[in-house]
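By written order: A, B and C. Residues from 1 in each chain.
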Amino acid sequence: MSGVQGSGVGPAVDEHAEKIDAYASARNSQIAGALRAFARRRSALVGLAVLLLIIAFTVITPFLWKYSYSDITVDFSAAPGWRHPFGTDSIGHDLFAQTLRGIATSLKVATLVALLSTVVGTVVGAVAGYFGRAWDAVLMRVADLIMTIPVLAITLVLANVLGAKGSSWFLLSLVLSAVLWIPLSRLVRGTLLSLMKNDYIDAARMLGASDRRIIIRHLLPNAAGPIIVDATLMVGRAIIVAASMEYLGLGIQAPEVSLGLLIQRGQGAATTQPWLFGFPALFLVLIILSVNFVGDGLRDALDPRRTV
Amino acid sequence: MLTFILKRIVNGIAVVIAASVLVFALVSLAGDPLASMLSSPGASPQTVAQYRQTLHLDDPIMVRYLSWVGGILHGDLGKSYSGQSVNSMIFSGLGTTLKMVIPAAVFGLVGAVFLGVVGALKRNTAVDHLISALSYALYAIPVFVLAILLKGYIAVPLNNAFGATVLYTIGDSTPGVPPSLSDQVRHAILPVFALAVYSMGPWSRYQRAAMIEVMSSEYIKVARAKGLGRARVVIVHGLRNALIPIVTIAGADFAVIVGGAVVTETVFGWQGMGRVLVDALTGPVSPDVYVVQGWIMVVAIFVVAVNILVDLMYGVLDPRVRR
Amino acid sequence: MKNYWKAAAALIIVGAVMLAGCSTGSSKSASKSGNDNGGSVTVSVVGAIEGFNYLKAGSNIVFTEQMMHGIWPDSFTPDPSLKSVMNSDLLESADLISKSPQVVQYKINPKASWSDGTPISADDYIYLWEAMSGNKKFKDADGSAFLPANTSGYDQISSVKGSDGGKTVTVKFSSSFSDWKSLFNPILPSHVVKKVGFNSGLDNFGDALKVSGGPWMADSYADGQSFVKVRNPKYWGKAAGLSSIVYRIINDSTELASAVQNGEIQVVNPTNGTVSLKDALQGVGGFHLVTAPSLTFQHLDFNESNEYLAKTDIRRAIANAINRNEIVQRTVGQINPKATTIGNHIFLPGQPGYVDNSGEYGKFDAKKAKQALLKAGMVEGSDGYLQPTWGSQAGKDFTLSIVSASGRELWNQIQQLVQAQLKAVGIKVKIVTLTDYFSQVQKGNYDMATYGWAINPYPSTMKSVWCSYTNAECASNWAHYSNSKVDALLKKATGELDSQKASVLYNQADKLLWSDMASLELYEYQQVGGWSGSVDIENLKYNSSALGFHWNDQDWRLK
């Protein structure tokens, strides 16, 4: 690859450089176009708005609300009312404060999982896709594993093993990330493989760009669309898997609160005291719904085949 | 095709072996399964030590793993720590789970195809928007939330209205009476619905997209131009080609459905595979490494088999693949 | 498109109606028809089956014992007042014929025989003793040592001999054992178990389980799903009232309310409940709710290997800082309004020997607690927490962990209440929930812990919890508690054959346990159960022993 560049190839280099610049500016206009396309999708905008509202609500309200999620108030087993809009549980926690805390925990877990698994998945996927061979073979076998055994089963086993050390939202995020990075790495690998067929990659190589530079400057930015979409949808997936685990009794444990845990505790009285289960379930569904709307909006907006 | 399937099987075996080594090491190192035995006063520590010896819990992990492998080579998945045959636990659980998972996969697929095709044909109309909204909503409701709602707000009022148990909320059949189809169906309706609906959302989106793409392709236009009836074009030419991606996706998602079944079984009290796993991890004598191992083996083999089956169906659906 | 939806809706309705039509015979109440048919009820049990031989370690689960009740005969059964009543179908008499050495003689009913025709004999008593003794010289069918769940009492027997053609059993003890009526409940068909093995022959359902010596007989088992017991046609005593009892095994008590409402379950076997379970069952129309204490108690355990908790003054101060009434009120008090705090480490309320010995040690007095802590070398820190002036936490906020199991709602609630209450006196409590909680507690990896002790009506079983941890036999004392006076009293009490005198000794030991603050007893578990309004069952009565409703299940009758 190196050794090609020399004095006699000046014009060609310029031509390639131009081409690469053109790609870069095309990318910029692509981003603008994508934003416009995203803004045109009403469902995506609504989803984003709801999500931001919920986040703002959970960040700000605890400072204003008189009870903290861990306070044991004088009222216990109270129905919703002025003092406790969502009621209280049997030992006296204010369920409004607990639901807020639950949303925060669930979002924290989901965001961390999305971040961790996106970073790991992207790095591994890029390495596998770009270098191929042994890297690729190992990655594909690991990916097969995840396609074969239900994610929930793996996370349950991991959570049980790690549960011997205690429980925290951070630990739960690690457990989920340990599994959820794999589908993403497959996606990145696939995208990279198809991108590498483009001639501008060869051009960059001929210009003497290092492997690292090619991956970071040329390949990944062009693969960013699918990665961003998948990372967004990962938030919804992580919330569902985490909630399912909590529903089965593994994962986040009291005194920490999460939406799945609140639903699990409230479900026994789903018909007699529906608020115990209803409010957390409502927020859980709302969050997943808006995340998916945003994800799908992004998918459409970042679709290269999108007609502007 | 044959070499492809052989390759898949070899891959599958490699995956299962890797998984079993990993899981064995993990679960063996987690917690002491016999700890709870001493929690009832009067238990003798000598007995527990004896028990530990009987189960070879003090042996090195490698030795225990190899002896387990020796068992499975003879088709024996071993015994749980409290002495039950893992074979009978898992195969009984598998039978129960399949009664939920297979109808759910079929209904999910049929429902998704129906919703997707209607959405595509009625593209950008009110019907399409309604179906889109529905499929988003279905995907956003975790299966246990839906199941709780179905039990409390559908089954109970319905049964009260009929004055008899029309839909059941626990188990896969009524115990103590001779098995009957009607009984099993009435036990299965709610859990199958809850599980099917969960996959229906995303699948119907794929189906819609695939159908739109196929219907806008040249050969459909040609078929229409040849004067073939709309229904014929849609079903024979359009649907057939549009089914290929969704069958692939449904096959790849089979493990996801089994994962969903773990939760659905818990809500509806089915003693299927999900319960076998959860009990092995959190039950009175847990974690039970042999049960978890057996579970992973059987599920993995099953999922690999389904994936191969899907590849075969792919061949049937897409003439280009057939050789 | 509208037509599609109409068609689909019509299809669903037609389907539902057809299914309802098919449902003749599965009416909401239990079925009863014909004269000799006593009918059948479906009883829920929550949990997992770990084998049927509940005398074996690992299979020793309360609901297995309830399910199997009446299949293998008991010598004595506790009645609702927890008095041991001799099973007069099995035995003609059971008498203490000598006090020193203690000798008990059982006379077996000559008509008593196993359902396969083998007479019930001294061999069955001998075999059970061998299996339960914990003595390694006795071997199971495969030559390995027996794995009994509980050896207490059996390990004090020196010989069991048969005479009178096997119908008289003479049991001789090496040292006296006051709770001898707790032994031989049940006896197993030795001629069968000797062949298949005690340790593994009864783990899976099979012919070995179908040999019955009581009013019930095991009929069928669907792996993890259901168990059916039917009337034993060969029973020589009074026949069971119902023709069968169907046990529906479920995973989680949250499934119960809708299942009862739907007529899928008629009897909810009392289970350690939560407030929401009680509320949900109460919401089912016509349901006969039963909430009652079980012989399991919750306590706060202090690990005395912790340098601070090793000091009796500090343990006492913590106990005074805890408002037990508030804990009851916010937990089990909402299940059963009669639930109270308990004042004894060996007997529970309702047992004949129960006396509240808690005195000043069990009283909530935050001021006194704080003073005691200051006196024990703590100073007030700037953030409201106390700081020890000595030991490993000197100059830091005084912090203790409270360990419990993950996924146990009531236990986790107690952790949170204790945390809030101790914060008020300046102790920082760190809540730890673990999946392998029991092994961590047994290893001593905790400062404070909260969990339950399930006791049977026989006080001698608590000896292994409270005697000094330095003794090998005190296997359940993980708190490193030791007091030689308590050891001596317990030893004397378990050997005292006069139950009145034994109670006095046990209560003397208990007073020491309170003043030492060996552990802070909180409350008795409250069970939640009952039966559906659609069935009218006679003789269904709760019994706070491990048998629950099942102590007299042979007398249940449908009206």
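Throughout what follows, a contact is a pair of C-beta atoms (placed from the backbone, for glycine too) under 8 Å apart; a residue touches a chain by one contact, two chains touch by 3 or more.
Note that the coordinates shown come from a computational prediction; the quantities given were computed from them, not determined experimentally.
Colleague: So with touch defined the way it is at the top, what topology do the chains form here? Options are line, ring, star, complete, other.
Modeller: complete
Colleague: Nearest chain to the global Cα centroid?
Modeller: Measuring from the global C-alpha mean, the nearest chain centre belongs to B.
Colleague: Taking each chain's centre as the mean of its CA atoms, how far is chain B from chain C in angstrom?
Modeller: Chain centroid spacing, chain B to chain C, equals 36 Å.
Colleague: So what's the Cα centroid distance for chain A and chain B, whole Å?
Modeller: 24
Colleague: Nearest whole angstrom, what separates the Cα centre of chain A from the Cα centre of chain C?
Modeller: Once rounded, the distance between the two centres reads 46 Å.
Colleague: Residues of chain C that contact two or more other chains, please.
Modeller: Residues 258, 407, 435-436.
Colleague: Give the residues of chain B that touch two or more other chains, as numbers and ranges in rising order.
Modeller: Residues 30-31, 151-152, 156, 266, 278, 282, 287 of chain B touch two or more partner chains.
Colleague: Return the residues of chain A touching two or more other chains; collapse runs of consecutive numbers into ranges.
Modeller: 160, 163-164, 249-250, 267, 270-271
Colleague: For chain A, which residues are in contact with chain B within the complex?
Modeller: 43, 141, 144-145, 147-153, 156-158, 160-161, 163-164, 236, 240, 243-244, 247-250, 263, 267, 270-271, 277, 281, 284-286, 288-289, 292-293
Colleague: Could you pull out which chain B residues touch chain C in their complex?
Modeller: 30-32, 34-48, 50-51, 54, 79-85, 88-89, 92-93, 96, 118, 122, 127, 151-152, 155-156, 158-160, 162-172, 174-177, 182-183, 185-186, 265-269, 271, 275-276, 278-279, 282-285, 287
Colleague: Given the complex with chain B, which residues does chain C contribute to the contact?
Modeller: 1, 4, 16, 19-20, 22-23, 26-28, 40, 42, 47-51, 57-61, 134, 144-145, 147-152, 155, 199-200, 203-204, 220, 222-226, 228, 244, 246-252, 255, 258-259, 261-265, 407, 435-436, 438-439, 441-442, 451, 453-455, 461-465, 472-473, 475-476
Colleague: Report the residues of chain A in contact with chain C in the complex, numbered from low to high.
Modeller: Touching chain C: residues 70, 72, 76-77, 90-92, 159-160, 163-167, 249-250, 253-255, 265-273, 276 of chain A.
Colleague: Would you mind writing out the residues of chain B in touch with chain A in their complex?
Modeller: Contact set of chain B toward chain A: 11-12, 14-16, 18-19, 23, 26-27, 29-31, 136-137, 139-145, 148-149, 151-153, 156, 252, 255-256, 258-260, 262-263, 266, 277-278, 281-282, 287, 292, 295-296, 299-300, 303-304, 307.
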